[in-house]
Amino acid sequence: MSEIKKIGVFTSGGDAPGMNACIRAVVRTAVFYGVEVVGIRRGYQGMLESDFWDMDARSVGNIIHLGGTILKTARCTEFMTDEGTEKAYNNLKEYGIDALVAIGGDGTARGAERLSNRFKIPTICIPGTIDNDLYGSDFTLGYDTATNTVIEAIDKIRDTAASHNRLFFIEVMGRDSGCIALRSGIAGGAEAVLLPERATGVDELISKLSVDAKNKKTSSIVIVAEGDKSGGAYQLAEHVKEKFNFYDIKVTILGHLQRGGSPSSFDRVLASRLGFAAVKELLNGKTRQMIGLRGNSIVLTPLEEALNASHFKLEDDLMEMVSVLSI
Amino acid sequence: MSEIKKIGVFTSGGDAPGMNACIRAVVRTAVFYGVEVVGIRRGYQGMLESDFWDMDARSVGNIIHLGGTILKTARCTEFMTDEGTEKAYNNLKEYGIDALVAIGGDGTARGAERLSNRFKIPTICIPGTIDNDLYGSDFTLGYDTATNTVIEAIDKIRDTAASHNRLFFIEVMGRDSGCIALRSGIAGGAEAVLLPERATGVDELISKLSVDAKNKKTSSIVIVAEGDKSGGAYQLAEHVKEKFNFYDIKVTILGHLQRGGSPSSFDRVLASRLGFAAVKELLNGKTRQMIGLRGNSIVLTPLEEALNASHFKLEDDLMEMVSVLSI
Amino acid sequence: MSEIKKIGVFTSGGDAPGMNACIRAVVRTAVFYGVEVVGIRRGYQGMLESDFWDMDARSVGNIIHLGGTILKTARCTEFMTDEGTEKAYNNLKEYGIDALVAIGGDGTARGAERLSNRFKIPTICIPGTIDNDLYGSDFTLGYDTATNTVIEAIDKIRDTAASHNRLFFIEVMGRDSGCIALRSGIAGGAEAVLLPERATGVDELISKLSVDAKNKKTSSIVIVAEGDKSGGAYQLAEHVKEKFNFYDIKVTILGHLQRGGSPSSFDRVLASRLGFAAVKELLNGKTRQMIGLRGNSIVLTPLEEALNASHFKLEDDLMEMVSVLSI
Amino acid sequence: MSEIKKIGVFTSGGDAPGMNACIRAVVRTAVFYGVEVVGIRRGYQGMLESDFWDMDARSVGNIIHLGGTILKTARCTEFMTDEGTEKAYNNLKEYGIDALVAIGGDGTARGAERLSNRFKIPTICIPGTIDNDLYGSDFTLGYDTATNTVIEAIDKIRDTAASHNRLFFIEVMGRDSGCIALRSGIAGGAEAVLLPERATGVDELISKLSVDAKNKKTSSIVIVAEGDKSGGAYQLAEHVKEKFNFYDIKVTILGHLQRGGSPSSFDRVLASRLGFAAVKELLNGKTRQMIGLRGNSIVLTPLEEALNASHFKLEDDLMEMVSVLSI
């Protein structure tokens, strides 16, 4: 067993549903094993300001179902300077925090790598981002919830779509990653999905929609990731409008509602398992690892490897399915 | 009792949650009283094309909970010509339809008024539109569901808002009516609501948000009706951005998802009551009436009166509450 | 304007969705008008223990959408003794609380009447109970949310019902009041609704179900209020099982999940309006009133009158509709 | 490529959310590859009655989001006789159906194995059951949706639980499998989970609840699988009541609402992938396989192997987590 006496836990970067369930798991597992646990508010910013919270089992009561993060989050540039990193470490040291669990996305993991590399503080990262764009886990916290949020929107639009000749463009999150767009497009039964990872020309889209119209589809739904190269949903709608004057074209921009909401069962279980395992692995002497779920197993990936790997995760069969299943 | 033998029922204009529950009530009440009932598909367009469906009690099984309308809907300009109206009436007559229940918004009621005025076919209108902009009923079908849809979106955004210094603009439906914006703004706890009925200058909004910032509100949500005079949510966001550089400003355009979704309990009960009463009133000899709910009572308003009345429905206390309750 | 300087607000009895939205409205309206406001935790029990919380506008931030009550609730018998009432009053007086807003059901209102009658402390009651069994308001806080919760359950059961020959009994809340059962039965499209207010014999139920079976209904849903005289859902299922061996009979007991959940748009607006108006009326010198919504108007009813009136609220048309609309 | 010309698809046994999404994927993939596809209504019963439906791409429009199964389902004993199996096969042959996709649980797979073993008709099984009790796939269709349904119920109960000293027993589905109970217990933050796979004595439960009470938990939620050996939730409540008179004990029996509801994003993607792959594998000459998802890969398991394997699937870490995370 390790010498770890006080674990610091924090969330950083964009918040994601499931972060609270994960904090709960970290805190209660630490308490269960007789280790102290400190919540660091607002991520790296909170480290720089010693914004610490001594937590116990009751601190995380009744939060498993809440979206957002009770530890708040922030983006912090000062930490990324050498002075910033040192100041953060000194604050941790002064408070007796001798190990870290970092919950967040790519930027969070880079910060954790920086800190643990330079100051050798045992650190485990938990992938928490709705974009599912991290290497080391099949799923990141919040991704399942976000796709459920998107399909609820699609379902509602489908109700009204079925009564009219209409073409709907729905813009979803994903600046660099088409994961949300692709999975929710499949699950929502969309006619087309436009992703940052793949250039779909406007011509290709128009051609697909023309075939659908010939096949007597009376309405169509197109999912557009915000990072798609052909411009956002509004711009696409403009392009397409010229060709399809028989369609009434409508646009929805889901925006930040995709980040919120009560986490799904899947995300809560994932969050609980990763938080639980992260503390156990720290106590087992592990450090500088990304912890994740592969299949049904908890796996560790060295942080350096995880950060350098491509996180391209679009399942091969899904892209093919978009066109086959929407005939 | 009347001589009515065959009632035609149709939905027209924009679809609204609760229309199916209403169709079900009309059909089953007619069947119960031994009257035939015919579904007219795609509103006035379907009248012109004799797109008729002989319905029975089983035709409306298992639809009470579905959004949209199984009778479809359409906008139809031909009907509004004298020839169109006559053709429609002749098709109805030929098929033996001797009374009508029309479900829809303002345009639907105008069409029904036109037809029943000219050809004396007994007609009752049921107010069905998410905008709540009809005279004759405290609530129109779909309005309650739409506001529930909007507050679910606001709640999700609130989760992420609480973790950051952020200002959110959420654009909701309502070209001429601020009903959805106002009620969902109150129910969502929004900091400000911008309506078509009232000019809120950008300056006034900025002033309110400045006070909030001083009062240590860390995030704010502004609801903008699409018909607001200061431009849509995007344009407002641009204006405000210049003044609030400490806020991260985000925009959501809910669009047509507000039209869909399973109707709320309130809308289903309302739809059932109005559909049930509409048939009974027709059989009692009533015609050219808008049927509605006032308080807990079913009331009739002559169509002509309903169409000429102002449908300005913003409850006095609500507008005042927006600013008082968001301090 | 009155001399009121410090308002106490509390929730008591069974909790109901919308109580938090109401507390928020009371607190912020008081603050807006420059009056102090104190939260009394756990209702009358908290009065006896001086469990007081000085609240400000920020105390009620981010709670409008939460079920339950941040002021907690309790049932308290000691308060109903003469000594208890006096002790409670002395605690209020000592803390400077010179007016009360009481949120709760029948028992809460009786307690408030007792206190304000004996000690002349200005008091307004807000009807908060999912049962809708109070006189003075068309709707009580939580009722709309509860019926939405019930119909979501019915809708899910309907999915599976449609695939099998099945008869479902769903037991809902309502020991003395059939309001939840009736409205959710209508909105859920139930084949029968059994209420405490009306004796439906098992024979009558069996006869209705037999007719449905002849009419080729393949599945049926029966809503049973817990206070129904023929026994709960399980007992009914037993009785019916003997007659319908071709049906697979299933029972669901919804229980306390009907008390929870995020309040609906309707309940949040109602809660906000009543809380806002309650404070204004107190400041206008009103006391010993039940405040409620009738139609679209806020109305006051003297507490004594409200408590003595029959609160039988089943809308006449609804009971008739249950059988007509489920043919 | 195979000689397959006409694929029959059916659902059988208990229905599960995602079955419609799966039927859609099977039908459209077949159409895409130029193969005819026939829906067999009510499973094996429909085979015996030649209840066939020639489907095309439009037959499965607008169903991806619906619970239940448009092909209906039934339990059928006649098929399990030698004569029944032969009659079913002859009906299939006569209609030209030369391959099968069977969607359902254990009994469905046994029937498919029986038919394909005896008559060599190419057959792929897709695991569809909310219980997750089949070998060959990490997840079965409907399981994710069912656990989401359960946690929504738990969340609502938690709202009211937090206001009172209360102990809640929630009975969930699972006669032989504790999968739903365990995952929803973890995701719902339950204090204890009682499963058929493991005997938890009433004494053990009482001891855990006593510790919680000492740790100042003010309310507790216990999840009971219907197949738990200590009796259902009501019986447990009775036993526990004697020991905990300071708790108000409440029971909820979720029942068949767990089978319904719109499938989750996860279930729709799973259903689409398995349906898509099933047709491709049939066309590739595969037969008598259970198709499933392991990790992120589609895998085939010979039917015989799948049916003989233990389907005990409780993840090791989850059981341990129940007690650690609810301290």
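Every chain is named by a letter (A, B, C and D) in the order it is written, and numbering of its residues begins at 1.
We take it that a contact is a pair of C-beta atoms (placed from the backbone, for glycine too) under 8 Å apart; a residue touches a chain by one contact, two chains touch by 3 or more.
Remember, predicted model here, so these are calculated numbers, not experimental data.
Annotation of chain B and chain C: not jointly contacted by any chain, touch as defined at the top.
When the contact pairs of B-C are set against those of A-B, A-D or C-D, over half line up by residue number only for A-D.
Measuring from the averaged C-alpha position of chain A to that of chain C gives a distance of 39 Å. Note: centroid distance chain A to chain B, computed from Cα atoms, is 36 Å.
Mean C-alpha position of chain A lies 28 Å from that of chain D.
Within chain A, residues 155, 158, 162 each touch two or more of the remaining chains.
Interchain contacts (touch definition given at top) occur between A-B, A-D, B-C, C-D. Taken in their complex, chain D has these residues touching chain A: 21, 24-25, 28-29, 31-32, 57-58, 61-62, 64-65, 138, 144, 147-148, 150-151, 155, 158, 162, 183-184, 186-189, 215-217, 262, 264-266, 268-269, 272-273, 276-277, 294-296, 298, 315, 317-318, 321, 324-327. Residues of chain B touching chain A in their complex: 14-15, 17, 66-69, 72-74, 149, 153, 155-164, 166, 168, 250-261.
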